[in-house]
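So the structure is just underneath, and the comments pick up after that.
Chain IDs A, B and C follow the sequence of writing; residue 1 opens each chain.
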């Protein structure tokens, strides 16, 4: 019977030039519920659907604050994301202490990218099982980055990761050129619209399962959950009503 | 009756030759030193002056030293104290700015960051009881706002529209408080230069470790400019009338 | 005194205690300045002058020594400015870590205990700082905590520390604590307008008599609505 001989650890290549352990880790990202990130010229926004394993359980946190100027949304293993966010938080503090400035977002993401890369090259290690969307605002404006277990880091105008995120990306690709001049409110609603496309049949965005995070030139990193998201969900519904008229 | 002597271990006398017990320290004396730095805000930014002398004790040892450097795009740093420690600081800053340049991500190491970094080095060294024997004056214009800050070998920091180190704190600062304080936003460059030269002249008259060959520097939104060395007009005719004080 | 030192103009001016050739170099300076705090039933007033000095020299006329640590906690300092600055940075980092861990801001009493621990952690190389921490307690009452440099902590109703403490504290004892007065109710708390007025008067007086206190006065008033900051003029001499 066929058995893959090249997937026992992340330091072994397959003859086709693949590292299976890394690819498996990327599968973990695809199993997490979707998150969407997008930005305008002044703001960067994250929206996410939270899952609860069980009706009696609480919803898993999807968006984490790093510093006043930076936040992340995750898809995949929450516990791995917590390790990475602890690292980012310490680095952000260090930057403030040593240079008196907010850690540049690109450097933050590259720093965790390097950590992830190490895991793909050293024997006996496991790649992170989580993908992140990182938003932040620094001297060079708002930013949106994607981090994934391979250590690849990319910057985007808008992006989505997690389960069924292709639907969100399709929506974003159609509209991203209009994001640049949007207000924060419009941007959030636009994000929710894309996020909704990732939902399974019969599922809906509501105040319980929606999480919103944003940061901007004059906005510190803010995370909205529960009733605080209702205002934006209502705007989303109103927008739909207008579209169908 | 014989007296009994109790030996308590921790009060055992130390051998006489061990005089320096307690933590290891690394204090060295400053050897080759530069004297005052004078700097203040004016309409377009900050103006600063230092003379070109590096003294060895009372000897005018090196007479063509520069005690002001441009760091990064828009920052001017002036130094007084040990020139060797200054060179160490210059190397450290060069390293910092090279790393920043290598990042190549459009981020700029601004004046406030450089000031914070220097302050951390100074405070860190004082906390190791191994201070860098300097005072630094850091100046820059960032987002249209002037910045002028000071840090010394205690890690003490402050910002002020007028700053003078060393003897300048006694001789130049009162002049600056009178002519600059409250007028920082109105002073033209010509007025600023005249006030600065007056300060440096007073220092040259009264500070025995000063020198009549100095550089002037300014930092504005356009960047840093450090002048070539120049002398000041001085008048020593009254010197003949000074009697006493070892004259 | 050796050769090099005799001819160092900028350090020859330092007071004898700061000289380095005989024995240890002193890693401390006193940058002067005064801070006080007064607690009320539902507010707290904190005041610090902003002059930073070194011996007879005024370093800066506006170098604040009172800091807002969290949403409703103020730390007023005096003593060695560089240590005060670092202490505030360390506290800010720790309260930020607390916020991340517990998803709520650190309470005033928790911050007060943390400050004590932080100071005591440096028992054998102390932060040369005399902190006064002020905020509201869990019942919403004004809370003032006073410390020595190695972390001894005491909750008080009012306290003054710094170069003019010997002038200001007796004044507060009388005006805020109603001490040494016959037929006075020593347990009475002032209302906020009275407390504010006394804080200002205390500093006006201190600036007259203490050369290390003056220039500007930073005032923070903390109450249920948050923190209000004002900057007032003192003598610029």
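We take it that contacts are C-beta pairs under 8 Å (C-beta built on N, C-alpha and C of every residue); 3 or more make two chains touch, one makes a residue touch a chain.
Values in this document were obtained by computation on a predicted structure and should not be read as measured data.
Visitor: Chains in contact with chain A and with chain C: which ones?
Guide: B
Visitor: What's the chain with its C-alpha centre farthest out from chain B?
Guide: A
Visitor: Name whichever of B-C and A-B has more C-beta pairs touching across its two chains.
Guide: B-C
Visitor: Would you mind pulling out the distance in Å between where the CA atoms of chain A average out and where those of chain C do?
Guide: Distance between chain centres, rounded to whole Å: 43 Å.
Visitor: Could you grab the centroid distance between chain A and chain B? Build each centroid from C-alpha atoms only and quote it in angstrom.
Guide: Result: the chain centres lie 48 Å from each other.
Visitor: Using CA atom averages as chain centres, what separation in Å is found between chain B and chain C?
Guide: 28
Visitor: Give the residues of chain A that touch two or more other chains, as numbers and ranges in rising order.
Guide: If we look for residues of chain A contacting two or more partner chains, we find 97.
Visitor: List the residues on chain B that touch chain A in their complex, please.
Guide: Against chain A, chain B makes touches at 103, 105-110, 112-113, 115-117, 120.
Visitor: Show which residues of chain A lie in contact with chain C when the two form their complex.
Guide: Contact set of chain A toward chain C: 65, 89, 93, 97.
Visitor: Which residues of chain A touch chain B in their complex?
Guide: 97-101, 104, 106-107, 138-140
Visitor: Under the stated contact criterion, what part of chain C meets chain A in this complex?
Guide: Residues 89, 93, 96-97, 100.
Visitor: Taking the complex as given, what residues does chain B use to touch chain C?
Guide: The touching residues are 22, 25, 27, 29-31, 33, 35-36, 55, 57-58, 80-81, 123, 126-127, 129, 131, 135, 150, 154-160, 165-167, 169-170, 173, 181, 207-209.
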